[in-house]
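What follows is chain A paired twice: with chain B in the first complex and chain C in the second.
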Partner chain A sequence: MTARRHSAGGEQEFAEERASLVRITFGPLIWAMHFLLSYAGAAVFCAKFPHASEHLDLLVWGIGLATLVALAGIAWQGQRSFHQWRKGNEDSLIEEDADGSSEDRHQFLGHAALLLAVISAVGVIYTALPAFLTATCR
Partner chain B sequence: MTVADPERLGRPIPAAADRFAAPAPSGPFPPTPEMLAEPVPPDLAAAQEDRLRKAWKAPSGWRYWSAVNNSEVGVWYTLTCLAFMLGAGVLALLMRVQLAVPENGFLSADRYNQFFTMHGSAMMFLFAVPMFEAVSILLLPALLGARDLPFPRLSAFGYWCFLIGGVFVLGSVFFDAAPNSGWFMYPPVSLQQEGVGPDIWLLGLSFIEVASIAAAVELIVGTLKCRPPGMRVNLMPLYAWYVMVVGGMILFAFPPLIAGDFLYELQSGFDWPFFDPERGGDPLLWQHLFWIFGHPEVYIIFLPSIALTAMIVPTFARRPIVGYSWIVLSAVGTGFLSFGLWVHHMFTTGLPALSLGFFSAASEAVVIPTGVQLFAFVATLLAGRARMGLPMLWIAGALAIFTAGGLTGVMVAIAPFDWQAHDTYFVVAHLHYTLFGGFVFPVIAGAVYFYPVVTGRMLSERLGRWAFWLIFAGFNIAFLPMHLTGLIGMPRRVFTYPAEMGWGGLNMVSTLASFVIAAGFAVLVWDLLRAAWVGPRTSRNPWNAGTLEFVPDPDENWGTRSIPYVHTRYPAWEQEAFVERVDSGRFYLPDAPEGLRETLVTSVIDARPLQVLRVPGPSWITHVAALFTAGAFILPVYHLYWAAGVSSALAILTVCVWLYLSARSHPEAETKDAGLGLRLPLYVSGPSSVGWWAMWITMLGDATAFASLVFGVFFYWTARPDFPPEGAAMASGTLAVAALVALALSWALTLTARVVNARGRPWTATLCLAVAPLLAVAGGAALLGSVWLPDLDPTSHVYPAILWAIVIWTLVHVGGGIIMQLFCLVGLLAGDFTPRHDAPLWNITLFWHFLALTVLVTVAVVAGLPRLL
Partner chain C sequence: MSGCEGPQSVFRTGGSDAAQLEHLFLVMLAGAVVLWLGINGLFYYASRVSARPVSRARVEALILGGGVGLPVVVLTALLVYGLSIMPDQRAPGDGLRLRVTGEQFWWRVEYWPEGAEAPVVSANEVRLPVGRRTEIELAATDVIHSFWLPALGGKTDLIPGRVNRMSLEPTEVGTWRGQCAEFCGLSHALMAFQAITLEEAEFGAWLAREAQGLAPEARTAEGYAIFTAQGCGGCHALRGTEARGTVGPDLTHVGGRATLAAGILPMTADALTDWIRDPAAFKPGVEMPGYDHMDPDELATLALWLEGLR
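And now, the complex of A and B:
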């Protein structure tokens, strides 16, 4: 390895490593975006849209659509993580003791990302419920 | 296999002219079993120990207080938090005495108000959050097999700031000058208090928040970059995962409060109407900013305690944790969800029902990850061969109390129930159940469990049991009745009540039991202090734990004797002859031939060794910096603005000298033998260096504070029909655009300086950095002019006020950017920063990236947005 190659690797490594840690937060980030959009969307809609109370169905459908998009994104992330976790490990559902290999770390990040995707999906559904149950600007 | 991952070797490396880059690590990694099995000759080991001992020796005599090592600073920090906690506890006892009987005259109403305000503020800001930082500073290096954290002087600086700020804030109760409007300081009531109380709260606690953020940066970088070689993210002790999550939460939670404090100070000091509805302001903005901080804060307190539990449970179950990735899920998941709960503190403020619904839903959702970790602990205990012990007793108590607090939490998360229970003793009971179960008990468990790591001695089992049963019984007898007291109508924060309300009996029970709690704490504290001198000496690993923190010898100051290669989650259980090899210096950095303090820096995900980091030793400059910083925050309380300005200038100067002295000291060689045949560079810059990471993480927090100010603009826009008011003057578009152009050029020159310097043209870089500050001054002046010249009066309405606030925020950062440019200019002119030694240039460029973004948003919001609305 030459000096040059290592330093070029410095930035590259930063990018790669950050990416793989950041990837496990995709699910929760989608939840956060959806939450923020629903909350801010409802607030702005009720405060600024002319005759907002008469057009509440617009808001409900908007949040519904955002929910579908968010769930689709989480499902995609979940499916990707599922494969990352299960690759080479198809038979057993039991978590093995960590053995310190790269493969193991790879699967761990997949598993963590999958679990976070599941909790994010639950969070997104919870957030959408009030829009369908108590759609009001009051 | 070499240090690089095999898959990376085949990949084309982008061409970069890096004649001046750090040499690559070379040598075998990971070490083979044969290399590790080879014994170290005893006389060599003894000589190495001598040198290490000398390098890490704590200063003696009065110089002891100049120590910066985590083992000293961590102990001071922990003891200071304990002292503040006891102080805040005494306030609670005095309040309980006042409430014992109806119409009591023990405390006056105002005194009582000061006491509950200080009790809450001190428990939160002077005990709970700093205790997490204190324990982490103390233990994290041991947990990670590191010799110290990457920035020991930053920890020391943070500690001294915390001490001064804490004494200042808590001391105000002795002078009848404490804030009196509750720990959340709601305006408008808090604005009506006469005297210095509110300013003590605002400025004193802002000061401490800055120290908290400094500690968070230190801990995050420590966890990411100072793990032992081989400890991939999936092998980290769970405590380290929680440190990372909680550090991240501090970065995103504290800045909104700092932004809020900034607005509040402008309102109370200069009458800018942010919270005054008559001039377009809205007190609810403070509530939003406070609780965007305040609710994550609850989890910032709770998660580290759960982390302690996650360390203790496997030891007493005598098996690895069940569901490691499930616990990581709950840590990260709780961290995220906790930011979606803040409005549940504001259910009764008249927000639209739909908003309440969103936050109620998120409040219920957070139960899932919180529950997952508790189930993982129970599963570990069931799957292992559990034994009892004092730490486990405290953990069992914690689980019982926390579960009860969690259940009432589910109740108050439902908005209609909360409307009934809000501001009653039901909430007091709920929050004390969560905090005792979710924080106090686990921390005591941790203190008992880790006591031998720090002191080499054991606490008394008998006194420990006495303390446990006194506190556990006292707590439940004091706080369980409060649910009822609240449901039959007793509000919080009343200094007394009439006898006919029928609350007297319940209150008397609570008061009597609170003294039982106090007796328990007296026993506990007595034992903690006594055992440090006379407790029985223990073996190194008395609980037979599997993780790294019990490996170092508490009698030595060097941390770990050699930095181990780790490839399991419980190395002391699962790796062959592990402790023996650490002890004999078989692993990395077993020696200090140069007599300097060193630790290893590794890569973020897979912990491949990257660098031998020299960490600084004892110093007084941290004290000087802390003192001047304290002046900058404390003097404005007494409206001594000139003195405060001088103090801030001196603080900045001290920090610059401190940083410059460390930036100019270059290692004597390019690489160094780190042991086991590995050669690592001593000086790296840019993304490989810990300083760059620290800057990156700090700027994330800084950007969050700025985003909170911008949130303020949108908040006023949706909440108020008169924002911006009809026909209001606008900021000058021309000047704002001119500011944008000048500051963008300054940013470009800074970036150019870094790039050309790295290509071996330091003189071009010097020229760039000589021009860049001039452009920055011009840009700053234009930005100031854009709101000054159109005569936007910030006291007239909230619209000009918030524009001014954003501009001031940005100008302060431009000032910081200019200082950094001059810092590097001096370094280049003096020849201290060279193409090879260019870390400061990388770090200031990173700052300027964030600054450029801040300026862009400022110009868009100040000059662009009002023209669109």
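And now, the complex of A and C:
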């Protein structure tokens, strides 16, 4: 028998679930902002200094810093989602209980948010790799 | 495997960039074969060799490991490898610069040796020195085209309103074939070109010859009078003469090229005759009008004269 945290039901439960529904978008949102910042930053930089290889370090370090910040945000979001998913669901790595209770829905949202955080982290790293491996405006 | 040979093949490389791309392809192919064998091997094992229920923990480990972990590791490794060879592919040239402009349906080619103030203009053929990295600027005036020389490197688009850059480093003397690789209109498939790679000294001598205007003896020939009378100079240039048209290819040394009409006809007097009489018969949609009103003897004289412009 799993614990029922939402025994109060009603308004409070709805508000809490709405918050966790919004939270599952955080990972992809951070990924999107990092992507926009990296590509727009590189485009503007290379348009302003097309031949300035000595300034290129600035761009690479800027993207590196943005990547660290983005990964930290995603990691924070990921571990919150992990706890939301695992609490009362310790026996399986893949599936939450499927009783259709509000607690199951809560766990499901945590699981979805965690998976989105993982793919967002991979996306952020792949977005940043060209800056470090090619590092040219050509 | 004869389909992999020939002057226009990614498997018969004559340059360092193409060799790198061939290696990339082989690495990808080997990886794909390993994955294919692994996945089908697992299918076979699970359905034929050991078709029995497995524990939940094992299934979860398989899904997370094989479905999430393994693809991330494999794709990251391939991405890092692919990105690591990009700087070589985009390295700057070390002297000579070419500017290739795509036209419907031919290539305007300008050679800018280091420090030059004006280009040496040619068309439908690129010559490159072996052992040097030549920078190639790619532009277009009408529609999008793509410059593709499989034996020497990857393809790069020519886009109206912008200049794209690539560089090629041939490692072997030879004659190669290139092709427009982006649909550009009716005769897109007939927009090819020759690439001739030469030893550096030989290239230098060729470029010096190519830079000269029309030979004085060519100007006194009957062919020149016919060329002028027919108004060919309105579209074609013969450097050093009144013919300064830039609509069509520069013809100052047209006979020195290996092919006619952007890689589709041999450079012979007969082919020139047929081409001038009715270009659209060979290249639908071509801008050059037919000269079928010309006296056949005059046309033959003109063709023979053009073929002699080396």
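As a working rule, the second predicted complex is superposed on the first by the 111 of 138 C-alpha atoms of A that agree within 3 Å, B and C clash if a C-alpha of one lies under 4 Å from a C-alpha of the other, contacts with A are read in each partner's own complex, and residues count from 1 in each chain.
Criterion: contacts are C-beta pairs under 8 Å (C-beta built on N, C-alpha and C of every residue); 3 or more make two chains touch, one makes a residue touch a chain.
If you're wondering where the values come from, they're calculated on a predicted model, not measured in any experiment.
Novice: Who contacts more of chain A, chain B or chain C?
Specialist: After superposition, B is the partner touching more of chain A.
Novice: So in the superposed three-chain picture, is A:87 touching just chain B, just chain C, both, or none of them (first/second/both/neither)?
Specialist: neither
Novice: After superposition on the shared chain, which partner residues are touched by A:138: those of chain B (first), chain C (second), both, or neither?
Specialist: both
Novice: Is A:126 contacted by the first partner chain B, the second partner chain C, both or neither?
Specialist: both
Novice: Check chain A for residues that touch chain B in one structure and chain C in the other, and list them.
Specialist: Touching chain B and chain C on chain A: residues 122, 126, 129-130, 133-136, 138.
Novice: Could you pull out which chain B residues touch chain A in their complex?
Specialist: Within the complex, chain B contacts chain A at residues 2-5, 8, 13-16, 18-19, 21-26, 230, 232-235, 320, 322-326, 328-329, 332-333, 336-337, 339-340, 352-362, 364-365, 368-369, 566-569, 603-606, 684, 686-688, 714, 718-719.
Novice: Residues of chain A touching chain C in their complex?
Specialist: 92-94, 118, 122, 125-126, 129-130, 133-136, 138
Novice: Looking at the complex, which residues from chain A come into contact with chain B?
Specialist: Contacts found on chain A: 1-14, 17-18, 20-21, 24-25, 28-29, 31-32, 35, 38-40, 42-44, 46-48, 95, 97-100, 102, 104-105, 108-109, 111-112, 115-116, 119-120, 122-123, 126-127, 129-131, 133-138.
Novice: Which residues of chain C touch chain A in their complex?
Specialist: Answer in residue numbers: 56-57, 59-61, 63-64, 68, 72, 76, 79-80, 83-84, 86-87, 90, 92, 165.
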